[in-house]
Structures are given as C-alpha cells and as structure tokens.
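Letters are used for the chains, namely A, B and C, taken in the order the chains are written, and counting of residues starts over at 1 for each.
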Amino acid sequence: MIAAHYPALQIVAPLIAAPLCVLLRRGTLAWLIAVAVSWLVFFIAIQLLQQVMASGPISYELGGWAAPWGIEYRIDSVNAFVLLIVSGISAVVAPYARATVAKEIPEDRHYLFYSAYLLCLTGLLGIVITGDAFNVFVFLEISSLSSYVLISLGKDRKALTAAYQYLVMGTIGATFFLIGVGLVYAMTGTLNMADIAVRLDAVENTRTVLAAFAFITVGLGLKLALFPLHLWLPNAYAYAPSAVTVFLAATATKVALYTMLRFVFTLFGADFALNVTFLAGFLMALAIVGVFAASITAIFQNNIKRMLAYSSVAQVGYMVLGVSFFSVTGLTGGIVHMFNHAMMKGALFMALGAVFYRLGTVHLDRMRGLGRQMPLTMFAFVIGGFSLIGLPLTVGFISKWYLILAALERGWWPIAGLVLLSSLLAVAYVWRVIEVAYFRDPPENHPKVTEAPLSLLVPMWILVLANIYFGIDTSLTIGVAERAAKSLLGLGG
Amino acid sequence: MRHHIILRVVAKLSIPFIMLYALYVQFHGDFGPGGGFQAGVIFGAAFILYALIFGLDNALKVAPMNVVTFFISIGLLLYAGVGVAALFYGGQFLDYGVLASDSVSGQHLGILLVELGVGITVAAVMIAIFFTFADRGR
Amino acid sequence: MDFFVGHYNYWIFVFLMMLGFYVVVARGNLVKKIIGLNIFQASVFLLYISIGKVFGGTAPIIIEGAGGSPVTYSNPLPHVLILTAIVVGVATTALGLSLVIRINEAYGTIEEDEISEMDLEP
C-alpha cells in the first residue's frame, strides 16, 4: 500500500533525485528529473490534503519507532495547506526554469543548479511535514544552505555579497532557533511536538521557557524577514537567478511563518503567548511598521526586482498582522495570505524573469514601451499588480478583506484604516511600472524585443489565472485556512 | 614540501594508520564513540595530508575529482536506499528491523549500512572541498 | 555562590555566545565574521552537552562484565543532536569561505566597507 507511505515519499523523492542529478551530469536530464519529481511531490501533496480534510490528522512514524521516542511526521490541515503551496509552486517553477537557467547560468553548472534546487525543495517540504522539533532545525539548515548556493549563482557579482549576507544572518537565526529548542528540551525532556505541548503546561512560568520562547521567535523572525530583521531579503531576491527568485519568494518565508505558527500555537499555546508574553502586540506593531516602511522604500526603487522584494517584506507584514490578532478571522486571513501571496509574487517574478530573459535587465528606464512589445508578459504583471493592491476579483482582495474584518471584529478601526492606506502605497509602486511600460515610447537605439517564449508564458499564466480563479471561488482556500486557524487555536478541526 | 625528507617519511608511515583508525572509528560506532561523520573526516584527513606533503597533482592522480564526486552521490544514495529497502520489506521508512530475519540483527545491519553511507559521503566531501579550494589559486 | 560556581558551564556558554555574536556584528572583515559565527555555534554545542550531563553518570557505553547491576549513564541524545549541529556548522563554514574566495576574486578585497563602496558606484 504505497499510499500509506506518502509522507515519507514526499521527502525521499527529491532527496534521492538530488544525488542522481549529480551522478548523471547532463543538464537536460537533470532538468527532466527536477520536473518529474516536482510534479510527483505536487500529486502527493494533493492526496495528503484530501486525506486530511476527509479524516483528520495523519501520523507517520519513521523507522517504526512509536511517537515520543522516534521521529514522527504529523500532517494536519495547517501542514497540508503549506505542503500544497510549496509543491505547487515547485511544479510550476521547474518547467519555467529551463529557459531562464540556460540563459543565466554557465552550461557546465546546470546539473549542480538542479541538484541544489531539489535539495532546497527537500528541506522546505521537510520543515513543513515533520512533527519533531530538532528535525525542523535539520531541514531548515538543508533548505537554507541550498538557498545560499542557489542565490550565489546569479550573474551580477552582487549576488555573491547578497548570498554571503544571507548566510551570516540566516545562520544566526537558525542558531537562535537551536538554542530555543535546546532550552525547551532541557525543560521537558522530549523533542516530539505533541509531547512538548503537553509537558510545557507544567513548567510554563519558568524563566527558561520564557527565554526559549524569545529565542525561537527571534530566530524564526529572522528567517521570516519580519521587520527589522528583513535586511537580507531585498539583495538576495534582487540578484538571484530568475527561477530562484520565483521559487524562494513564493515559498521560503511562508514555511518560516508556518514554523512560527506551529511553535507559538501548538507547542507553547495561544494563552501562554497572549497572557505571559506580549507577543500579540509586539507582532502587530512590527507588522504595521514593516508594511509601511517596506512599501515606502519600494516606491523609490529603480530595479524592479528589488522593488518587488521590498513589496514581499510588506506582504510578510500583512501575514504577521493577521496572525497577531489571535482570532479565527485574523488567523484565517494570515494563513490564506500565505497562499495568495505565493500566487501573486510567483506570477510577478515570473513576468520579470521573462523581461530579464528578453531585455537582459530589469531597470525601470529600460522597460519603456514594453507593454506593446511584450503584451502578454506585461498584462500578467498588471494582473499581479492589481492583486498586490487588493482589487476585487483577485486573491489580494480576499486577504485584505479578512484582515479588515478581523480588525473590525475587535473594534480596532485605526488598524483597518492603516491596511487600506498601505494599499494606496502599493498603487504607487505598481503604477510606476504600468506607466512606464504602457504610456512611454521605447528608446530609439533599443534592439527589437519579442514576446517571451512559450515555456515561460505558460507557467506565468497558470499562476495569473490561479490569481483570478481563487479570487472568485474561495471555497478551497478559505475552507482549509479556516479549519487550520481553528485547529491552531484549539477549537477543534 | 618534497624536499623535507622527515616530513615525507613520517607522512608515508602515518597515512595508512590514519586510514586504519578511520575504519576502526567507523565500524565501532555502535559500541563506543564513533560513527560515520567522525570516521569520514579522519579518512579525508589522510588524503589531505597526502596532498599537502606530496602536492596536489599527485593527490589528484590518486583521487580524481569525478571519482570523488561520484562517491558523494553514492553515499547519500546508499543511506536513502536502505530506507527505501525497508519500505519494500513491508516496514516504515528507515525501519531497520525488517531488513534481516530477526529484529536485532536487522537493526545492526541497518545502522552499519547507513553509517557506511554517511562515512563515504563525508570523506568524499572533505576531500572535494580541499581539492577545490587548493585548485583555485593555481 | 552556587548560582555562579555551580553553573559555570552555562556562564561560559553565555560568554562565548556573546563573544561570537559581537565578532559577527562588529568586525568588517568577511573571514572574521565567519570565525565569529563558528564561536557562536560552538557555544551552542557547549549548552547542549551541559544539559545532557547526569551527576555521577558515566559514558553511555555498554560495559562488559557489569552483569545485571544498574549503571548511571549520561544522556546520549544531546550528543547526537550536537553531532548533527557540528556537521551543519562545518558545511556553513565551508560554504561561507568559498563565497569569500569568490568575492575576493570579483571585488579584489574582503573588507565589508570597501565592498559596499564598490557596490554603490553604478
């Protein structure tokens, strides 16, 4: 019965495919393996989500050892949703990667690129699927190390300094997380997440547990790019190869947010976080400041990839704002924004990757008149931009709707007003690109550019249509997100 | 480094013992301190000592880069292969108990194989890192 | 008094952690940052192993000839966790140093302020 082993296969398939790519040494073969494994992983994620929604959480014991002694993979509605996001993005990015990687990375490194990509996928999936606290650290480091390698493969020499800065900050974050897990182990004697949740209640008010909570939150905040710990993100996303930016922008911060949700709500408990620490107020303040600071910085960028990277920091702020309400509506908004942002930023960065493929640059001045020369690509950018702003009929509207609803439920009118105000800032930076692309003439001495090839357009438009579809029919996303929010707050489901 | 006869003779005497000690640490990992990672590093250190004393060209003749890269992949595939083999024998992933006739010898066999996989990969990685760094300056 | 002398392991852990963190933040040379990162990670190893020690416990190895008499041994689980963390530290150091070599080839320097100046130019 292969279906019983789906949780293990989810991790093993990319893990075995990575050294296979190194053994085979041929770039095209490595790409085919990456595409096949991404689609297999997406299929398994869909099966797991259906099983969880039908019959509740799944538990898989590695090595046959029973739960508190062995490592357990535990999948419930929160997990399964994030698994779907990560594997879905990988299923779309892997076919997209072929053309852009062929242009941006030297031929003899292609098999190494795909091997590192598969290891990054393994790490991200592993963080989400595991039910053991130390296993999270192991997979976190696997995904982080392979992301540093992937980012450093960018063409510009600034990719090297960006990867180095990300390495230093990411390792500090992961080590803080490790200290936190060590202190939790010292107080409870176990590493299994469900077991820790039970045993932490008895020792909650000790200083060790408070210190562990602080270390874990700060460490994960660094990986999450929560303001002011976001300094690595703009450079890393701007100078990485196009396919890498799409993949990391759509998955890495979501997985870190999922880990924070798991540790704050399941392990430590919502009442500990609300009553003993001031996490809710702290997160809300940092989120709002992050949204405004990042959006304002985005308006002044001339490198459009960098502009979208700052926009990503702002969107992470929205997700954390939703979480900081600690209510069902707020958490639903935060969790559904994970999915929506992956769709939005995936489509936007893919459009930019196609622009880079044809133009060789993503500088605003060189993009004049691109709306007429690359109509499909720029129209995809326009729809993605509308989603960022939060116009109705797009997924961005759904997330903002839930955030405002959560604020109004508590009677906090200023917060709702701030969410609307920040959307106006998004209008500013999206309009800059639309104005230059559609309302200016192309430069005279510019070579003629044609539309992007089909292998780039098809994945891009799949994500754009997903933007619109999930903005109109929200039954899947809101259904799963609401169930996930209720299970995190301990209200069943 | 070739000119220093003392270094050459001592290196020639010690390298086989270093490798033997690495094998001892590898296979006594379940009875005492040891295991895959430590043994791999010690084994890699033997090759690095050879490269330091006798020159990178000679070391590359002994361990060419594509052979080393091959061993990196083989070690990891051995580890994952043991896990998948457990799936085929009807247990969970990485359940060593089903690999042999009774549970205890199955555990023994399983740990031996995965530690061997780890040791091979770590030794190859250490050698590969050193050779890549040393090659850069020439 | 026992607060300081009895828990000297943990005081050394805090001291090393702050030392490593200071080197990462305050030094501009890229290689020195990596060394600081190593010291920072080494302090975490010390924390885990201190947690695992059982007073009066011996090494967790089967002793021949002990028969059926019970033996107190230290917890081996933190040691295993630290092995994994050491490997992660080695890999991070190797990756960081190879990035520094390539930065040196691309920029000609490994001082952070000079690199920032060169990045601001075009």
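Throughout what follows, contacts are C-beta pairs under 8 Å (C-beta built on N, C-alpha and C of every residue); 3 or more make two chains touch, one makes a residue touch a chain.
Predicted, not measured: the structure shown is a model, and the values here were computed from it.
**Student:** So which chain is farthest from subunit A, going by the mean of the CA atoms in each chain?
**Tutor:** B
**Student:** Looking at A-C and A-B, which one has the bigger number of contacting C-beta pairs?
**Tutor:** Counting C-beta pairs in contact for A-C and A-B gives the edge to A-C.
**Student:** Compute the distance, rounded to whole Å, between the mean C-alpha positions of subunit B and subunit C.
**Tutor:** A distance of 23 Å separates the two centres.
**Student:** I'd like the Å distance between the centres of subunit A and subunit C, where a centre is the mean of that chain's Cα atoms.
**Tutor:** It comes to 28 Å between the two C-alpha centres.
**Student:** In whole angstrom, what separates the CA-based centres of subunit A and subunit B?
**Tutor:** 36
**Student:** Touching residues of subunit A toward subunit C in the complex: what are they?
**Tutor:** For this pair, the touching residues of subunit A are 134, 137-138, 141, 145, 148-149, 152, 157-158, 160-161, 163-164, 167-168, 171-172, 174-175, 178-179, 182, 185-186.
**Student:** Per the contact definition, I'd like the list of subunit C residues that touch subunit A in the complex.
**Tutor:** Its residues touching subunit A are 17, 21, 24, 30, 33-34, 37, 40-41, 44, 47-48, 51, 78, 81, 84-85, 88, 91-92, 95-96, 99-100, 102-103, 106-107, 115, 119.
**Student:** Okay, in this complex, where on subunit A does subunit B touch?
**Tutor:** Touching subunit B from subunit A are residues 5, 8, 12, 15-16, 18-20, 22-23, 60-64.
**Student:** In the complex formed with subunit C, which residues of subunit B make contact?
**Tutor:** 31-33, 35, 37, 122, 129, 132-133, 136
**Student:** Can you list the residues on subunit B that touch subunit A in the complex?
**Tutor:** The touching residues are 69-70, 72-74, 76-77, 80, 83-84, 87, 91-98.
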